[in-house]
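Each chain gets a letter, A, B, C and D, in the order it is written, and its residues are counted from 1.
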Amino acid sequence: MGSTVCDAVAGDPDLELVAAIDPKASGTVHGIDIAPTIEALFDTDAEVAVDFTDAAGARENLRWLAEQGIHAVVGTTGMTPEDLDEIGDWFGDGRANCILAPNFAIGAVLMMKFAAEAARWFETAEIIELHHDQKIDAPSGTAMRTAQLMEEARAADGAGEWAADPTTKVVADGARGGVAGGIHVHAVRMRGMFAHQEVILGTTGQTLILRHDTFGRDCYMPGVLLAVKQVASRPGLTVGLDALLG
Amino acid sequence: MGSTVCDAVAGDPDLELVAAIDPKASGTVHGIDIAPTIEALFDTDAEVAVDFTDAAGARENLRWLAEQGIHAVVGTTGMTPEDLDEIGDWFGDGRANCILAPNFAIGAVLMMKFAAEAARWFETAEIIELHHDQKIDAPSGTAMRTAQLMEEARAADGAGEWAADPTTKVVADGARGGVAGGIHVHAVRMRGMFAHQEVILGTTGQTLILRHDTFGRDCYMPGVLLAVKQVASRPGLTVGLDALLG
Amino acid sequence: MGSTVCDAVAGDPDLELVAAIDPKASGTVHGIDIAPTIEALFDTDAEVAVDFTDAAGARENLRWLAEQGIHAVVGTTGMTPEDLDEIGDWFGDGRANCILAPNFAIGAVLMMKFAAEAARWFETAEIIELHHDQKIDAPSGTAMRTAQLMEEARAADGAGEWAADPTTKVVADGARGGVAGGIHVHAVRMRGMFAHQEVILGTTGQTLILRHDTFGRDCYMPGVLLAVKQVASRPGLTVGLDALLG
Amino acid sequence: MGSTVCDAVAGDPDLELVAAIDPKASGTVHGIDIAPTIEALFDTDAEVAVDFTDAAGARENLRWLAEQGIHAVVGTTGMTPEDLDEIGDWFGDGRANCILAPNFAIGAVLMMKFAAEAARWFETAEIIELHHDQKIDAPSGTAMRTAQLMEEARAADGAGEWAADPTTKVVADGARGGVAGGIHVHAVRMRGMFAHQEVILGTTGQTLILRHDTFGRDCYMPGVLLAVKQVASRPGLTVGLDALLG
């Protein structure tokens, strides 16, 4: 993921890649020496650091970045609510800001947003998520989260329950998938695919389909670059890419 | 269309069908005598009238409804800006309101809204509209309008031009479809289909697809019923279903 | 269904509608008096009869048609293997032929045929069937049958087992759908839809999707008309529309 | 492409990678030294060589391979009919065989085969091909070839002309795409996508969709491996992957 971020930053005319840090790698990337530790940022004019590490590493990095007054963009997953509180404190004094998002795929975030917005206008909705056949968990976290957001949006709008499931005669059961927020979430695992999700909403005489397809891990880059460009103007800690897509 | 509206109103537990008017029909619908002229509304407690006629008929009907203090919901197409001005005047005195929409398919209106909202986050977009093989015009008005809304949204957001068309070697040309708002709009005409539209937006590593499928003319009923229920609380003339989906 | 068949026959330049039979209806259809009993065929030049009744009715009708030397096209479901044996006997003496198919939708039959043919070239496959939200059984018979045909085709080709299901961490379960022939069959129930099925096959770097959409019960008519035109030249009993699509 | 083939061969339990040739590369791949010239095959037990070079290079390589009695699998494009005649001669003496295919994506070949087979049963058909936004030619060769095969299949089956284009009122024109074999071929160019094609066929009340999606150049590998395994048992020159999918 680090090298994908470096490619994206180096390829953006508005940004400059000034440092790259990887404790396990060496050599150069886009003419920049890969440094083993974050302290290498001392020697550069880095204004923004992008962190795709792990929860433990990110906590350390973020404290250090906040102390140095360097903005942070974080795609690392596994943060707890307590972590977020702490990170909010670190970036709370106005010296540096932080944007942290569990999903930097702009299309996925918009799909979730639109699905929640549309939910109240339809009586039925189901989600089909499709992933490569090495994914071991099902349904996907994004699909479960989408269903939950749709349910919450309906509740907030006073739209009531989804229409009842009509199935009274079960011919076979046990397909991959579950029910979340009253929505059937179907999980397809298919060789050749990457990551895909389709939200289907139906009412009388019509359906609305919101579908997000990803074709490689560079799908996160438009979101990362957007955050890098906006972080300086977003005081404190911002959680979730949707805050930037308002 | 009239009988479809009658079915929808009669089938809604919150509404009551009290009159049906059709100069060319007779008999009863849902136990109601079909009357030949709009004056039959005198004898009922009609609070809201639904008009799916033609531009000339609708103008006459709307003036009469405004005079009688009966709210109007209008799906008739072909109204000019001058018509709208006049209708706005008629329904401007607070006695009755009017909701007029060129498209009462909720899913189509949401698709257009979401497409405009998403446009700024993608470098490329194209529209595929698919209709039954008796449709004589191409591309469809909805597709052309969608492309225009997307272009306007990008302009308003300062998102600049769409990415340039890469095609430098044209192997064949003349497929059904055109360019609107910088967007290629492909028109498919297919036996068996009804009316469908897919907006595809792409950026690095991902695409977002917004698709609306209709399966019969009852697709307009959820939007009509929504308007019937809201018209009493929407002063004056409201144009477009999107105003009700805020 | 009867009136849909009458419309289709009357609308085909190569065919002539000469009789219509419905014990529960009266009046005329395309200028033909609707008769209450099958004996009305005595008075016409009927060469082919189309039967969409129920299993009990069809058994009686077919025996009578075979005796009279009138070809039969049968879309009635619920026939047992014993029924088929008996029908085969009735139409076995060369005086009249019978084509009986559980599914007259040409596209569905081709989808099943192609799915079976493609099965051996892919390591993974799943089926998504989508129906209107009044359907009470799930998964659909067509989807279960498709999965079974794919499994049989793989076995016949010596293609071995499908790739193992990767799911080791079940986040939620109980979505509508089951497993048939080693294939996950997902069942979507959606207001607004009619009947749809998608077979997805995947191998390294690619997927193949075979999708059939129906938009009304007239979807069976091309298959019925094909059978009506071919039945005279297909001796004895032919089961399944696929026999006509060779 | 060379390294993708090496990965695929090395990863197949039935095959062994014994040599790798690239005049512009050096180093090792899967423990094999990359050699600069084809003569390096002298020193190995190579039974089959895979050629993804260019037309000029492939001609030289194929003559040499035929002389050495080494089977060849060729994905190189740009061969003329005269080239094929010559290659057929080289591999005509029974010492070595050759399988040459312009498209090794199994799913694409099946899609084309099924589209041709289905064509006679539908009155209307259109093709939508979707590619990444760097592709400079439009429509794609695969789409044009598919349309041609469908037209030929209809002609062979005596199915007559496609239904007439209904468009009599052109609202806008000039979208990317052309007409081939009487079929409208729509070309979408979209950032984020790889290579995709959808064939849509329609008749009364129903549509059949055949769609092939690719997600990376490894999509050619199942076809290449299939050819590598079959080439020894296919005498002479075989053109087209479809011959192997019978």
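We adopt the following convention: contacts are C-beta pairs under 8 Å (C-beta built on N, C-alpha and C of every residue); 3 or more make two chains touch, one makes a residue touch a chain.
Owing to the predicted nature of the structure, the values given are computational and were not obtained by experimental measurement.
By residue number, over half of the touching pairs seen at B-D are also found at A-C, the match among A-B, A-D or A-C. Two chain pairs, B-C and C-D, are compared here, and C-D has more C-beta pairs in contact (counted per touch definition above). Chain centres here are Cα means. That of subunit A falls 45 Å from that of subunit C. The mean-CA centres of subunit C and subunit D are about 35 angstrom from one another, to the nearest whole unit. In subunit D, the positions touching at least two other chains are 192-193, 203-207, 213, 215-216, 219.
Within the complex formed with subunit C, the residues of subunit D that make contact are 8, 105-108, 110-111, 114, 117-118, 121, 201, 203-222, 245.
Against subunit C, in their complex, subunit B makes its touches with residues 192-194, 213, 215-216, 219. Only residues 122-124, 126, 128, 130, 133-139, 141, 144, 163, 165-180, 184-193, 200, 202-207 of subunit B touch subunit D when the two sit together in their complex.
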